[in-house]
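Here come two complexes built around chain A, the first alongside chain B, the second alongside chain C.
On to the complex of A and B.
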């Protein structure tokens, strides 16, 4: 409940404040968002499975974002930024799909 | 917090109170007050929590139930302690549901790891909105890397080149069309002139110019169709460009198909129009048209020889006003 409200509040804030993304952050932000989404879906799944752990969630959220950002950064430095960020997105996408599938099975038994 | 509180816990956590903290952790949502941590409180709280949590889960719930009144204080204290040790907030929150104290519970529910999660999710939502917005606003160029931008730049360059080429071609075409338009005007003008000439020759347009008039009238003998035909032929032979015959009964423009028929009882039918004398033949042509009429065996000779009267005027500006309608060609088509 709180989580959903927080998410909505964040979106509203983003829309209302309408900040511009600093140039330095621009390559990382999308990946970070995807990584965070992965953590969120993982959290939802854990919640449904009854094994949700705050600490684990917080840590996975932060580490996901940091690692994703770091990978993109490293890729940029290595000259394979595009490919590497594509890889990150693919991996995270697969994970998100897996989590969503688990959530779906739990909610709809299908 | 106060040493008093921590101390009771201190010993407690070692065995008993710690248990509830850890055990409750399984399901409960985060609830702790992050601000309360003091170094004193932290150290006792943190240690036990880390050490104990794996070991004493099942026992926890029972212990809590038994102790509930007493545990409350210790729980809060423990919560604070846990929160203060930022590394392990979970332990603290877990105490909350056990405590069951409504006011405390509500306040705690919105604190601790829950608050942290809330903050993270607010951040996520915020970033999501910002990213979506900036992405839609900038058509994605913002998130592109240098090499992509190079490729795009090269694309744009070549496209600009192509467009410049197109512009040059189109301008050339435009120039061509412009000059074409002027030549088209020229052609139109010539065509108009040509149409005018032909119109005059065909008798569909009025004409004016220098010319002569022949006045033919009956004398001892009548003017016949033959005389008029001769006169027209002589005039044409001399270069007349437009000829008109007037008489009592109308005016007739002489064209290629003009014919003359004597009518019984006097008069001549010219192209179906019956005229009676005197006749006036008006012709536009060369300046020496009048002289051409007076050759031996010419019009004047011819008419006078048959007893008619003919008067040839000197060349002067004349108007030819009779016109023919434009014929509708039904069978003949122009070649090419």
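On to the complex of A and C.
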């Protein structure tokens, strides 16, 4: 519950402050969002499974964002930025999808 | 957190009680079958074995979670705002480009008209300076080379892409098709030809640039109307050519269904071609001093 409130507070904060993202970081923003969504859905599922762990959640978020960002950065330097971004999105997308499916099964028993 | 109802989901990955995780070789199967981070189950087991952590540690970690949630919220909001902020810029660029194109097209039309007016003026002035036989000859030559507007009876050959031109490459009209048809028309006695209102001269290329067909420098789009003025038997002669035969076959081909029509038309009017840049003719150099130069020298040089 606190987590949801914090999430909403974060959204409001982001809208109110409307910080300008430096140009160098802009390509990483969408990937960071996808990585963050993966961590969020993983956390929600763990919560519903009754095995949520704060440390695991925090670390998985930070590492997800950093690794995803690093892969995109590496891809840019190697000239395969688009392809590697696609790879990251596919892998994280599969995980998000699987976790959402698990959440759905738990909530609706279907 | 409900420590009481820890349930471990069935995991295909074998996890020995020692806590040592054994990584399955097939990472993709693992990813699809159980997308949850293995850390959660491990942490749950550790908690069960060691008992709950001291509450101070628990609350610190809970604090981190709250901070991370807030960060994720900010991230979502910022990413959303970024996308929103960039959309109008793209739309603006697009409209600007469209406006630019329209303006340039209008400019070109205006310049075309200006060129036509000036050409008329030049023709008038030239006719004042020349005698009747010279004018007659000039007119004939200009009509033949495409530099003068001509009217008369003739045929209009219409070529069009087949219905499945988007997928079938052969169902598309190419520059080659227009070249073949115009050549056949010339061979059938045509005296003047225009394609989609663009008059051909003896040096007007019909070619492809990208996916568009160019007549000279003007690009045209289908259906292509090749209008030719010529003798009354031109249509029959054209229909007898191998080219016309080939295109009739292509029209009747069930896969291609190219558009191909030959119509006899009266009172066709073909516009003058855009004056081609002179490649070999040039303004005569002023003659050496003392020699009288003809007063008809276009540049008036030496006078």
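The criterion applied here is as follows: the second predicted complex is superposed on the first by the 110 of 110 C-alpha atoms of A that agree within 3 Å, B and C clash if a C-alpha of one lies under 4 Å from a C-alpha of the other, contacts with A are read in each partner's own complex, and residues count from 1 in each chain.
The criterion applied here is as follows: a contact is a pair of C-beta atoms (placed from the backbone, for glycine too) under 8 Å apart; a residue touches a chain by one contact, two chains touch by 3 or more.
Values in this document were obtained by computation on a predicted structure and should not be read as measured data.
**Student:** Pick one for A:95: touches chain B only (first), chain C only (second), both, or neither.
**Tutor:** Second partner only.
**Student:** Touch check for A:110: first (chain B), second (chain C), both, or neither?
**Tutor:** In the superposition, A:110 touches no partner, neither chain B nor chain C.
**Student:** Per the contact definition in the header, classify A:76: touching chain B only (first), chain C only (second), both, or neither.
**Tutor:** In the superposed model, A:76 contacts chain B only, not chain C.
**Student:** Using the superposition on chain A described above, determine whether A:53 touches chain B (first), chain C (second), both, or neither.
**Tutor:** both
**Student:** Which of the two, chain B or chain C, is in touch with more residues of chain A?
**Tutor:** C
**Student:** Which partner does A:24 reach: the first (chain B), the second (chain C), both, or neither?
**Tutor:** A:24 contacts neither chain B nor chain C.
**Student:** Between chain B and chain C, whom does A:45 touch in the aligned arrangement: first, second, both, or neither?
**Tutor:** A:45 sits against chain C, while chain B stays out of touch.
**Student:** Overlap the chain B and chain C contact sets on chain A and report the shared residues.
**Tutor:** Residues 2-3, 6-15, 17-19, 21, 26, 29-30, 32-33, 36, 40, 50, 52-55, 57-58, 61-62 of chain A touch both chain B and chain C.
**Student:** Name, in rising order, each residue of chain B that touches chain A in their complex.
**Tutor:** My answer: residues 25-27, 29-30, 88-90, 93, 110, 112-114, 116-131, 133-135, 142-143, 145, 147-148.
**Student:** Of all residues in chain A, which touch chain B in the complex?
**Tutor:** 2-3, 5-15, 17-21, 26-27, 29-30, 32-33, 36-37, 40, 43, 50, 52-55, 57-58, 61-62, 76, 81-82
**Student:** Please give the residue numbers of chain A that touch chain C in the complex, ascending.
**Tutor:** Going through chain A, the ones touching chain C are 2-4, 6-15, 17-19, 21, 26, 29-30, 32-33, 36, 39-40, 42, 45-47, 49-62, 91, 94-99, 102.
**Student:** Residues of chain C touching chain A in their complex?
**Tutor:** For this pair, the touching residues of chain C are 1-2, 5-9, 31-32, 34-37, 39-41, 43-44, 47, 58, 61-62, 64-79, 81-82.
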